[in-house]
């Protein structure tokens, strides 16, 4: 384990990039974190608390940030182009400088689905319609005039997920549990509010998720209505009127709400697809980057020297993303060791 | 309401409407329902604004109403439409403008179907040839007549004699806009403003000074629903849909409703009488209903045409409260005089709905 | 005036105005009722269901959607055999729940 000088470009300094960079540094490599935003932390930095234990997001992020402190990190840095050389990659950065590297790790994460594309829900048109991200921001800042002691709040699951018409057939995986988390938080904040979750299926696959759901039902009295919201309108007082079918009773339901939260789904970061295309890395049918295989090589692309960690290959939870970041670091280590 | 949000959506659904040279096809039923609307469309577009608009007496129904009522197969409707295209081609036109929303939907649906299934188009060409020895070119552009008025709304505003504001207070007239289902629900990109927040009518209203009301059941069907009305056993569904809309718009106290479909203004107008008889409830002020106008009628009013020349006396709901609000002059004694001062007879008055 | 047709009654449930007092009273006494996931195990195993339409799932849903009449009709068909409580994956004591519900009137008052 000596004389390791290869440069590894880690694209994206969210939790996947931070953790992978830290692991690579611990293995003796020189990772370079490239981040287009002015700060590290990605989406987790925008979130307030995390399911299923209501852990403050900062508690997860801080150690990751601290451990990555000594690592070369280029903030506010766009990538203009990536070129594939014989067995290296040349990354042209926004300021015109280049970075020659022996391996590239995509830690590019996801984009939240643009909820205004579901026009019938009126995001960006009806004032009381917000997204999961807007609500997290409110949890962080407590500043949003639209959230003022609501008496009735709704959550719409699967906004831009499991939606062929919106071009996203896949399940975004984390929205069900996020909706339950946010519904509980709203109920803690406003105990008198009636809270409704409109879902198609509840997909609560993770550790302690079902317990979280039972608490939402039993301890918080949150109403779960199995039916997808079909349209939203605005009443004369500015509240929103929501229509859905209660599919369990086979009847249409209508409810007037002070706040409607759209659980915007997860789509691939379009930048990631753009870079991947430049170096011949394919995109999978679901629009995310394509792994060498989806069982035992999820962190590897079909191109030598190109690796993945986190949500660039599909929706991931925080622990899954961190586990993949470590796994990708090891995969890169094996790849470079073999070459050396 | 975040108005900029709607503007953003509207910018995604703009049509490049050719500005001249149109082959105009009328509706089967609009001339009985709103006898002066199509005439005034021609007057405004051709005579006043000097556009080239061509009509032929050989034009027939497009078959849309029969198709949507399940009485003819789509291939028959297609052959009828192919014949209209032949008339257009023979007259030397490439842009087709329809008066009827269901025609617009029918033409659009047929062209889209032919695009997907060219063999079907070939078969229809053969049917048409066998039936009447005609051939056709497909139109380069299909617009609904409301698209044309939307396109010309600025020119109409420049020539306007009245603005849609209250003469007494200067406040804008409050307008509910209602779009026919077949305008953009099948093909959102074929409608100005798309299907969820169409701006074809709201754009006219705003240009002419009015204020558009967005109420929860805005997107809901007028209630006609073809078979919901045409089959008498289902007629309760028709009036119930209309009732739902009026209940939803009531708190907004609209002064009028503007529509762009043959069926919608008819049902939104006539069902107010039925609802009033059955429930005792009226939705306008002081026992009146809410006047329901076609976009041609509204354009005509704004331009200063006489309300009775525009045919407003054949509406169930009297337009007088709206005319008074805007300050549009009218002679009550001429209300039931038709063309050439012919007495068209005063109808009996409903027991509940106040009709002036 | 008889037009030969009338406004049709709507099957839609308006959650703004629905009366949930009986349900609210029930879950005060039987909080486990809140954890129903509508899986239908109770109805599938019910001895009365195929003949009478009894369904604990539908009873709980009906209470939340203001369908008191249907709820009472279903309850009257229950034979209290307790089979439903054996299959509930949430462990709701459905037999006890039915007994408690029978003590409540539609305003949620304990009357028996």
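In order of appearance the chains are A, B and C, and numbering begins at 1 in each one.
We take it that contacts are C-beta pairs under 8 Å (C-beta built on N, C-alpha and C of every residue); 3 or more make two chains touch, one makes a residue touch a chain.
Computed from a predicted structure; not experimentally measured.
Set side by side, A-C and B-C show the greater C-beta contact count at A-C. Look at the CA centroids: the one farthest from the centroid of chain C belongs to B. Rounded to whole angstrom, the centroid-to-centroid distance between chain A and chain B, based on C-alpha atoms, equals 46 Å.
Between chain A and chain C the centroid-to-centroid distance comes to 39 Å (mean Cα coordinates, whole Å). For the pair chain B and chain C, the distance between mean C-alpha positions equals 47 Å. In chain A, no residue touches at least two other chains. Multi-chain contact residues of chain C (touching two or more other chains) are absent. Those residues of chain B lying in contact with chain A across their complex are 1-2, 5-6, 8-9, 194-197, 214-219, 248, 251-252. Listed in rising order, the residues of chain A touching chain B in the complex are 116, 119-120, 122-127, 231, 233-236, 238, 241.
Of all residues in chain B, only 232-233, 235-237, 239-240, 243-244, 274-275, 277-279, 351 touch chain C in the complex they form. Contact residues of chain C toward chain B in the complex are 1, 3-8, 10.
Taken in their complex, chain C has these residues touching chain A: 11-16, 27, 31-32, 34-36, 38, 57-58, 61-62, 64-65, 67, 90.
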